[in-house]
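Input: structures, listed below.
In what comes next, subunit A is part of two complexes: it sits with subunit B in the first one and with subunit C in the second one.
Up next, the complex of A and B:
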């Protein structure tokens, strides 16, 4: 008894209540067994990806091996899926791994009836396509790569249908887009393939983004992304304010993927893919993902006016446009592509009708379409392969050359046309019955039977045209190849699929019946309607319409055959070129981005930095404007006159450096080092000995580094302005820069003073101070934080240092100095001239004698500095020092040798291999961290003890010390590498600039 | 001391910001170094100033954590010092390479017209 919906058009209220959540409700004794069965799902999902990796590693010519890997993977997966069917009897299988439970993001695999039937399709048809592709692909193609992509796509598709979490589903959804892009563009030397692949990716991935947002909205409404919970919350979702945006976004995802109008245009362009790809992606898998999603979320989203209106309209339009365009195609694959669009529209239309029976028909037709369309694509591939063309106008009478293929194609085409005793007929009858049924009472409803019949007649027409043009008529003339029958193994996959069409078409109840029933029940639950899969329902209206369609389609072909062959492009809708719209949208996006970049962007650094500094200042001053500026009342430390004096010097140095940096680089460098020294003294004064030590050492190295760099910079001559002083624009720029600089300085001073006059609240530091000795075994809390409590941060930091060292090294290997810097420096030329002028001196003597006394002192200092560095390292855990300070000290020892004796003479005596040190240091530090695993502790857990040694006394033994040793070695390596690489630039011979000397 | 250090941080920042807005690469490198001095001192100052109280604890339990200077900002600054050295080195090499390639030491690789 139909009940009028309060807000509907009097259409029957469908019981769209979600199916009961079928958690695994095995009896306690069986729990372990079913858990083990559920865990098989992980194996099933991992299988194609593992196979993909394996295939990718095969050599490019290993066609058979790759085919074996792919076929084996798909076959094992299909068998495994078949085995899992029996465990669906007591509800869905679920396997979970908690990943981010707090965000509702867990990895959940869920196999219910619907997922099972799709998974089986994906794997079984996948297997058949692999067999076909092995013989289809040319030996010249890199076939292992093809199978690697193919298997990865299969895995993504499997992950999609098995997902028990919506976000995870979207992830696999995007993976299918990505791998379909790679598959469509497999013949990447072909421009149409590249363009088609790009179009498919952009359209489906854009839909994927919409889907993600839609799914997030659903997750927000339900409070969970778990599929079971979402399916149980249908009423909540439909009554939510966010329902409409969520619905539209999710449908955008589904429509783009399933090539629904107006996004259908990508599918015909994707026909540039190898035919096995089309047979797989564009019949059974990729385009069915959107259908799958709509079926999956049918219990949640369907049952509203919005759903009915959007989905029915889009489905109807797609079905009509697809069928109309299909009859005008001259390319076999183009015909099949538009026919796919049309059938996808049919399924969408069924889902839009909102009745459980229509949903059953949709699921059934999805299966049938996958079988007959995959076999038709393969047959089209054989024709292309053996006859050399897919143009229907050129093909003719192929039956006499390939009778097997022709017979198979005829059966499959008949299934597509909906001829009785084939599977397509059954689902078509269900569709017509639904079309005749009253759903909403709207004009759509009234027109539906006529439109459906017309679309089916067109379907008959293009099926007949496909068969008749290709296989019948006079023998073909002027084909690129002499056609002949396809190899046996290329026909086998088609035979299997066509057999399926026949068996399902004649004995539906005992073949596909139980599986379809499980799938339907998993979607509709208690709302599952009574339906019959019988072939004969008596002479009823659907059958009448069916006969009308068959007769109309056949007659249409007879009448219009010649005219269709003469057409190029479909009339009425031929003007609507999806590709043109797509290109226009893409071009406008790119142009807008470029215009924005032109208007807002600049390649010049100064305006960017200026803007950055100004905005930072403004952002920092804003809170003062809002809350006012006030000082705290903490009693500060008493100002010491000495401290005031050093900061007078420090401030003067900083300003001096700023003033001199343009024309007197050396002076500026020294002044900068002066400012650094003052901050170093401040650290000592303010109880931070470790900082002072490290800063002092780093200061030394930085100064040496910059000194080495000075040589390669051009001489800076004072600007000469025509008017005697800089023009107004320059003065304005400098003025505004100065203002920003002063504002930044004042701001920093004010903020730091405001903070320092407030007492320090509770902080983490107490924890570190209290635990440093008890748990880290060290008295120097700063060092214990670095090598123990926060050792992971330190590991990251030394890794950065290593990366910078190697980057500097590699940049300098390709270093090209400017022409005028290549000459020996002025001082050196003067010295050499003096040597030449005086008798008894050879050129270079002055250079050698120049630093004689300091040189000897520096050479003698070498061992002492090394001992000092080691001392700093060992005592670091208890007293100021540590790996960083020790490492920099050690590199100073090295660089002093370079300064004293010159690069060549040092390297003649000493093997300096900083690159190896970097590697060893990183290894030691990481291995120390990993060592904790051996004892069952987390990474970088430290251990310590104290040992009594004779003579020396109590010494600390901590694994953190070994970690610090790694830090030390790495810091030595990285610092030395940078300095030495730069120093080496001076002794490179300009003639051999193509192959620079290496420092190691 | 607080006021003196705050002023010092201010002067270092102002000099540094002025320099990074200049057109020559060497000026920018000196400016970044000055800014990193200022930032290091600033971070350290966030743990408040203490004289004669280095964070070196005894072997026993720590009775009064307030008697030590704050170790946490020190650990942060220590890494910052090393990283800023790495940054200076990288920047120096990049600007030398840029000078070699473009023939100028202007930050944009071309002289102002």
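Up next, the complex of A and C:
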């Protein structure tokens, strides 16, 4: 049961409104400055993405250039963030761009203390890791690709922490998953990397989906996705019925991302990534995204029993399991990965404890962990790089070869273990103090101090093991490489981070204190507790527990050292393999999908079409089942005798076409042309000249297209049913096909009849009829709709047409006709034989002679049809016509030339370049639309006027005509491309002279 | 008087042209040879064009003549391609 006030366990109410947001509340003179400062946030966010694009464009070997781009971007971003700190003094910075305000989706960037500290972490550690990666990555790797992904990840992470809108936050959340996938799989020749990348993506993206749903629920409760409004509506959210589902879904997102038990298994597998990625994504930033989210929404979601139980339990389990598994790892990076899991669990546990002080400790530990863990990963990378192995059992005594690295790693490991005077110690003390504090009186609460101390002791143990095993002891034997000190620049990033550990550890109040305070205040607002960052709080219980943990961990290592080295897996939890569960789930999903596909899917066209038609038919009938079927009033309209006759003809043709379709394709084609003609006349009759005109042209082209295809279809085989009569199954199938056809046809007729016997109601056409001339400058309403009102649709449609044309073309390039269709048709063979047999005739004479008259007619018609096409194009805005009709006409003109003279002859005289036409058409149409921008109007705004031309007189001019010209060129190109690609099949056959015969 | 006569003439013409179309459609449906069907289709096109002309006269709108114009200009394309197909076994070689 969610409770309204988070007062579950007698602590002070944590429900506090966040500090005021700086919107337009600043004094007049200040507004512009703060608005300008807020706009810098866009620059900050765009910077990494721009850098990523730049790095992606570099050549694959440009290692230094890519490093410079990445380092420069990160450094500038970090400096910019540092500069922005001063403007946080009086509230959060906010920059908005309205995107879909009606849906509550705006692009909002919001920088407050918490976001600042994370943003700075992302950029500063990002910069250090870039420097490190430049020397870590091998020259053989395509390094610019690495940095492109890296910067894109950095941008996504920045977007995540700066998001002021929850949906936007989820978007960047998913982006980080995606780039993490790409970075883990960077060495994609390596199977472990591919598998690890896939696992990380599936786990985190699945969590992302849960998060999205959770965020949508929160948005539904609050009525807004805006972070400020959500943060102010904590009570509303907690008292809502939807609180629990929203909480669970959001936590699922956070837990998967932050590798919390039971989703932690992806993180060790992600260690197949290059070490800089592990240092950056999988210790310092991305895995902190879940933590960030929990802190961000802490004022909204925390403070209930559900929150306490779920988050504390999961955090505790993760902390324990991670620490336990970490001590048994033999792989350096594996050890660090489980240690990261453990520390993330610790932070989660702190957040679950539901007290402001614990939240402070969580934020502080997040920072500290990022610094020491990133440096440890980089040190592990150096060891791997210089010694050739990461196996703790093979490493030994490296101190004498790399004293600097060893010293740095020791300090960082000490910080991880929580040794005093280092930053890890401070947050650990805060953690222990919170663990000792009573919260709920539950068994968890009572056991917490012991469990915490035990986990910390394990943490000490693996830290000591890491250092001692790698750097001390006898000199290593049989290493793949002779170890030596790393290059200077590879050590610098570690030095900086270790220095940070030291400085924060010794002088916390004056170094990290103010920043931490800003962050804490931005989350807790007025509920910010008094806390002390001092190193010495007197000899109290946390210090005692701390000392116990240090002593216990050290002693544990001394006792169990040899046994740990002999282990090959963690006992107790070794049986629980997250990966196995994951693989099993994945395999069962895949198998179910395959089984479903086998049972329900088919690759045959006939059943697919049958299903499609049957379902469409059923869907059309359903409304009548509910509302009944009735005719309108105008049932008694007298039919025009001429019209009736025409329809008799059309109906007969259509039925005949269906009847003949299976075995006499040519007859069916002819009958279909007849039916098409009748429908064109019907359009004219019913006052739709535009439609009729286009349909007539399309009919013609369709006939030619089908005839071209008919040449390549196999002939009917008489031997399929030797008994003469097809078997029962076949007859049943055909019968059901017939039934579906009759049902669909009759249903269509009934619907049409019901519609046409009713008066035409008020429809959208009135709108267009009224505005076509006033706003579009054309009298042909259909055309004005196409090129003006709905020009964006048209642009999309012609783009699709272009894609279809190119697809047909490329499919036909690889087309190999059936064996029996390859040879020249029988007629040609006969005619050629007759030519050869007779004296004084050459092969092909029959063709030339017979075609002489039609050829001349068709050639002479060429210019006339072109003129007609241009006429249709130009007048299209006011009278029936337009770019599409004109384009089809033009392609008919072209095809006629091909029919008359043959492919070779036409292409010797005409330059037929359908592909270029498609490109030009698309460019012209898009450029016309974009031209509106030059005049400050939205895309595709049209303009029209009249011009006085000498001789011709007043001529309407509209920019839509240029758009239509683009449509025209594209339609000519696409139609011609498809027809000619089919036609070219004939001259590709091996019977004839080979020749490179693609339309170019 | 003239109007009435014209109206009768047009209706008669439409019915007669319709009958002609029926005959053409019969040839298209029955065949027996494919060549007969192609000729039937061509006749259907010509008659459809004439039908549109009568319709244009009836309504006095020029738009219908344009549809007729298109059939006149491009209606033969189907016939020609079909004929070429019958003669050579493929439309474009």
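Assorted remarks:
Keep this in mind: the second predicted complex is superposed on the first by the 770 of 1000 C-alpha atoms of A that agree within 3 Å, B and C clash if a C-alpha of one lies under 4 Å from a C-alpha of the other, contacts with A are read in each partner's own complex, and residues count from 1 in each chain.
The rule we apply is simple: a residue touches a chain if its C-beta (ideal position, glycine included) is under 8 Å from a C-beta of that chain, and two chains touch if they have at least 3 such contacts.
This structure is a prediction, so every number in the text was calculated from the model and none was measured.
Of the two partner chains placed by superposition, only subunit B is touched by A:737; subunit C is not. Using the contact criterion defined above for the overlaid structures, shared-chain residue A:865 touches subunit C, although it does not reach subunit B. Once chain A of one complex is fitted onto chain A of the other, the partner contacts of A:880 extend to both subunit B and subunit C.
When the two complexes are overlaid on their common chain A, residue A:670 makes contact with subunit C while staying clear of subunit B. In the superposition on chain A, contact is made by A:892 with subunit C only, not with subunit B.
Once the two complexes are overlaid on the shared chain, A:966 sits clear of subunit B and of subunit C alike.
Once the two complexes are laid over each other on the shared chain, residue contacts for A:196 go to neither subunit B nor subunit C. Counting the residues of subunit A touched by each of subunit B and subunit C gives the higher count for B. Residue contacts after overlaying the shared chain place A:685 against subunit B and subunit C alike. Look at A:793: by the touch rule set out above, it reaches subunit B but stays clear of subunit C. Looking at subunit A, you'll find residues 640, 644, 678, 685, 689, 879-880 touch subunit B in one structure and subunit C in the other. Subunit C makes touch with subunit A in their complex at residues 11, 14-15, 17-19, 21-22, 24-25, 28-29, 31, 34, 37-38, 40-41, 44-45, 48, 51-52, 54-55, 63-64, 66-67, 70-71, 73-75, 77-78, 80-93.
On the side of subunit B, the complex with subunit A involves touching residues 1-27, 29-31, 33-34, 37-38, 40-42, 44-62, 65, 68-72, 74-75, 77-79, 81-83, 85-90, 92-97, 99-101, 103-105, 107-108.
Taken in their complex, subunit A has these residues touching subunit B: 603-606, 609-610, 613, 634, 636-640, 643-644, 647, 650-651, 654-655, 657-658, 661-662, 665, 668-669, 672, 675-676, 678-679, 682-683, 685-691, 694-695, 698, 701-702, 705-706, 709, 712-714, 716, 737-738, 740-742, 744-750, 752-753, 755-757, 759-760, 763-766, 768-770, 772-774, 779-782, 785-786, 790, 793-794, 797, 800-801, 804-805, 807-808, 811-812, 814-819, 821, 878-880, 884, 971, 974-975, 978, 982.
Residues of subunit A touching subunit C in their complex: 640-642, 644-646, 648-649, 652-653, 656, 666-667, 670-671, 673-674, 677-678, 680-681, 684-685, 689, 692-693, 696-697, 699-700, 703-704, 707-708, 710-711, 824-828, 831, 847, 850-851, 854, 858, 861, 864-865, 868, 879-880, 889, 892, 895-896, 898-899, 902-903, 983, 986-987.
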